[in-house]
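A single structure is presented below for examination.
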Amino acid sequence: MKGLTSVFYRLLIRLILLIPVVLAVVTIGFILIKLFPGDPAVLLAGEAASPQYIERVREVYGLDRPIWEQYLRYLEKVIMFDLGYSLSYKRPVLDVILTRLPYTIILAVSGLSIGLILGLLLGIVSAWYRKKLISPIISSVAFIFYSTPVYVLGQFLIYYFAITYRVFPVGGVVTIGVEHSNFYAYILDVLWHLTLPSITLGLVFMASYVKLTRSSFLEVLSSSYFLAARSMGLRTSTLILKHALRNAIIPVVTLAGVQLGMLIGGVIITESMFSWPGIGQLTMEAVSTRDYPLLLGIFIFTSVAVVVINAVVDFIYGVIDPRIKDRW
Amino acid sequence: MIRLKPLLEVRELTVVYKVRDTMKYAVKNVSFTLGEDEVLAIVGESGSGKSTIALSIVGALPENAVVVRGRILFKGVDLLRLRPSERRDINGKEISIIYQDPIAHLNPLRKVRLIFKDLFEDHGVEFNIQKVLELLRKLKVPDPQRVLESYPFQLSGGMAQRVFIALALVLNPKLLIADEPTSALDLTIQAQVVRLLREVRESFRISMIIITHDIGVATSIADRILVMCDGELVEEGSPEEVLLRPKSKYTANLVNSTKTLYEGVMSWVY
Amino acid sequence: MRWLNSLTICVALTLLLGIVGLLADLIAPYDPLNTRMFRGLQPPSNVNLMGTDQLGRDVFSWVIYGIRTSLLVGLSSATIAVAIAVLIGLLSGYRGGIIGNTLMRVADVFLSIPRFMLIIVTVVLLSPRISNIILVIAIFSWPEAARVVRSEVLSIKEREYVMAAKALGSRDLDIMVSEILPNVIPTILSLWTLIIADAILTESALGFLGLSDLNYPSLGVMLMMAKNAIFVGGWWVLLFPSIALVILILVFNSLSDKLIERLSPRLG
């Protein structure tokens, strides 16, 4: 029980330390609003709004008050989770974001998982057989994938698998106009639509994981403790599974955790390409409809989410690796 | 002196390292024997090839090393001709090795108890935790229960060395090789380890090969000393012979350069 | 990466791309921005080497000018970003102090934010002119580079010759320039090429999303056209810009790796 409370305590401290960073991020959001060319009231109310509405917006947001007041009001709103009102959706921004969030999460997690698994496997193979031909081949292939932008790779996949050979759908999350007989049919349909986008993401991520896994694994293989373990006559399976893998995986998993955070804001292109209704696509919509409140709300939301996720990942890393436990 | 059939017989061992495009001889035509319950010390400076001999015996040579000639006969079987799986059966069970810097050689992320478990299970022996605890107590490890539940990085240098030795002895091997067992430790701990090794020898009556650059350590523990220089065996004899009546110039220089004569020599003389 | 083994191949390719970019006006047969609707979506032929897109634009010319735009944006933003990063990295690494630490905190905040989203938001706010794009990419690239420079400086700071210079009473500025800077150069060069690759990626991504400067043909824009073109069989709209883009990015990524390998005296 003692261990558990100390863990909780540490997490709390971590989260508390986040506050200045979150504050900084939120402030940047405020600065961005201030930097908009033009009258902020007009921006917030929408260009097509009536003068009376604009005046009301000005009042509500306190735009005629001194900067400090505006800033404080802004902070107040953000703390109350009020991110404004979306012009195009006619709903609170936070609502809109939260509706779309699950889709992005599903895509991000699947893409990352595929990339992680492929990357780990290939990286380990590449390291274990480093003398054979397969190793440089894997490295070269991974390098090419790494240098290929997501919208190039995705389009090729679409071209082959969705158009030429109609194996997968071209986009969207469910087949339009189809009534699903039961829940499972629905899930299957979604998964079918999920395949291409997550494979695309996965392939792009795989590349960085291959490189990292390979070097991490090689480092472990050439370490003193591995040598000693070998000298003890341990079986190959024991050596790899219990003595090498656990140690080698740590940097890779850390990277994955950090990337997961970045992904929440960053799958914009993939979502555009595959018409996947997540936050990325929402961003593009906001851009094209000039829905500034929504855009800003997305920015604040995702930035704060990334910061929090990074802190949590950092913390989990501390729990997994017993060496770091004593740091706090 | 009647010699029984030797436990270990090294014949004309020649090992070469491939560095860039050149080849360097690490061990040149070295031959020696080791009997049961006999302690051999191989002494030499860095690069003399002494560690290479040890690594060759357990098959832990680095990738760029090649054994070009020779045989290593253990109980009559040539280790160099064995399949990897057969070698694995022997390593840890019949022949064990402990290295310099014990903490670096223990997996930082694996609890000590689990490392012992791996050792037992991979050699087809049921995990006997009592035996481990007893052995640790014998090696003067305080609170062996806690040590088993710790991670290697939590142990001190001397403690880790004892754990390492325990790992090497727990399956009752016939031969223990110690590659620079004292080099990474503080001076006071070094003396402790030397004493420990002596006690191990007394209690377990196993054969040992001690690799060291420290003549004092060698003389305090060995029955016979081998002196290596540039891959060649230049001297062989008892501690008394090597110290007081060295046959080669190199050995004489080596002995003279040793400023301090350790407790070992004193205890031997007196 | 093994087969791009030679540093010379990389450098040669880079120079080739550079020449293409510089001489774009001479090499390209047509004005890339010229749309001719009645020649829409023509497959590769003698008239149009790489075919045309839906708006009748010559793909070959577009690719040539696209390479030039990518190089322009890449080189400019990378240079600016690296300049800032070196300045801040050196200062905060060597001098530290309040200024140094605050700057790094600022950099950290930048790093926590999803970069691409921020770039999009900013480009949308300011108008998508090429100068803005270059600046925005530079502003969001320096923090990570600054961090790397700073940690390099921190480790170099502890070396003997720096200690010696300090003991001899050299001024801080002199030490920074003559002792530390030369040793950070391999890292700086490698970072520079890495940022170029990344900037090219970002620039074409912006093009793909329709956020680029319309006067400067972007490879990303052609890829955006490809999104629809492939549905009606226009594979050439996808293939050629893709190859050009991948080669561009690959070359600079390779250069970055090679530079670290060859120039860094400690490693390897």
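Points worth noting:
Labels A, B and C are assigned to the chains in the order they are written; within every chain, residues are numbered from 1.
Keep this in mind: a contact is a pair of C-beta atoms (placed from the backbone, for glycine too) under 8 Å apart; a residue touches a chain by one contact, two chains touch by 3 or more.
Just so we're clear, the structure is a prediction, and the values are computed from it rather than from any experiment.
Chain centres defined as mean CA positions place A nearest to the mean of all protein CA atoms. Of all the chains, the one whose CA centre sits at the greatest distance from that of chain B is C.
Computed from the mean C-alpha positions, the centre of chain A lies at a distance of 23 Å from the centre of chain C.
Separating the centre of chain B from that of chain C, both taken as means of CA atoms, is a distance of 55 Å.
The centroid of the Cα atoms in chain A and the matching centroid in chain B are 52 Å apart. Counting only residues that touch two or more partner chains, chain C has none. Interface residues of chain A facing chain B in the complex, by the touch rule stated above, are 131, 223-235, 238, 242-243, 246-247, 321-323. The residues of chain C lying in touch with chain A in their complex are 1-4, 108-109, 112-118, 120-122, 124-126, 197, 201, 204-205, 208-209, 211, 220, 223, 226-227, 230-231, 235, 238, 242, 245-246, 249-250, 253-254.
For chain B in complex with chain A, the residues that touch the partner chain are 58, 60, 63, 87-93, 96-97, 99, 101, 104-110, 114, 118-119, 121-123, 151-153, 164, 167.
The touching residues of chain A, counted against chain C in their complex, run 21, 24-25, 28, 32, 35-37, 136, 139-140, 143-144, 146-149, 151-152, 155-156, 158-159, 163, 262, 264-266, 268-269, 272-273, 283-284, 287, 295-296, 298-299, 302-303, 306-307, 310.
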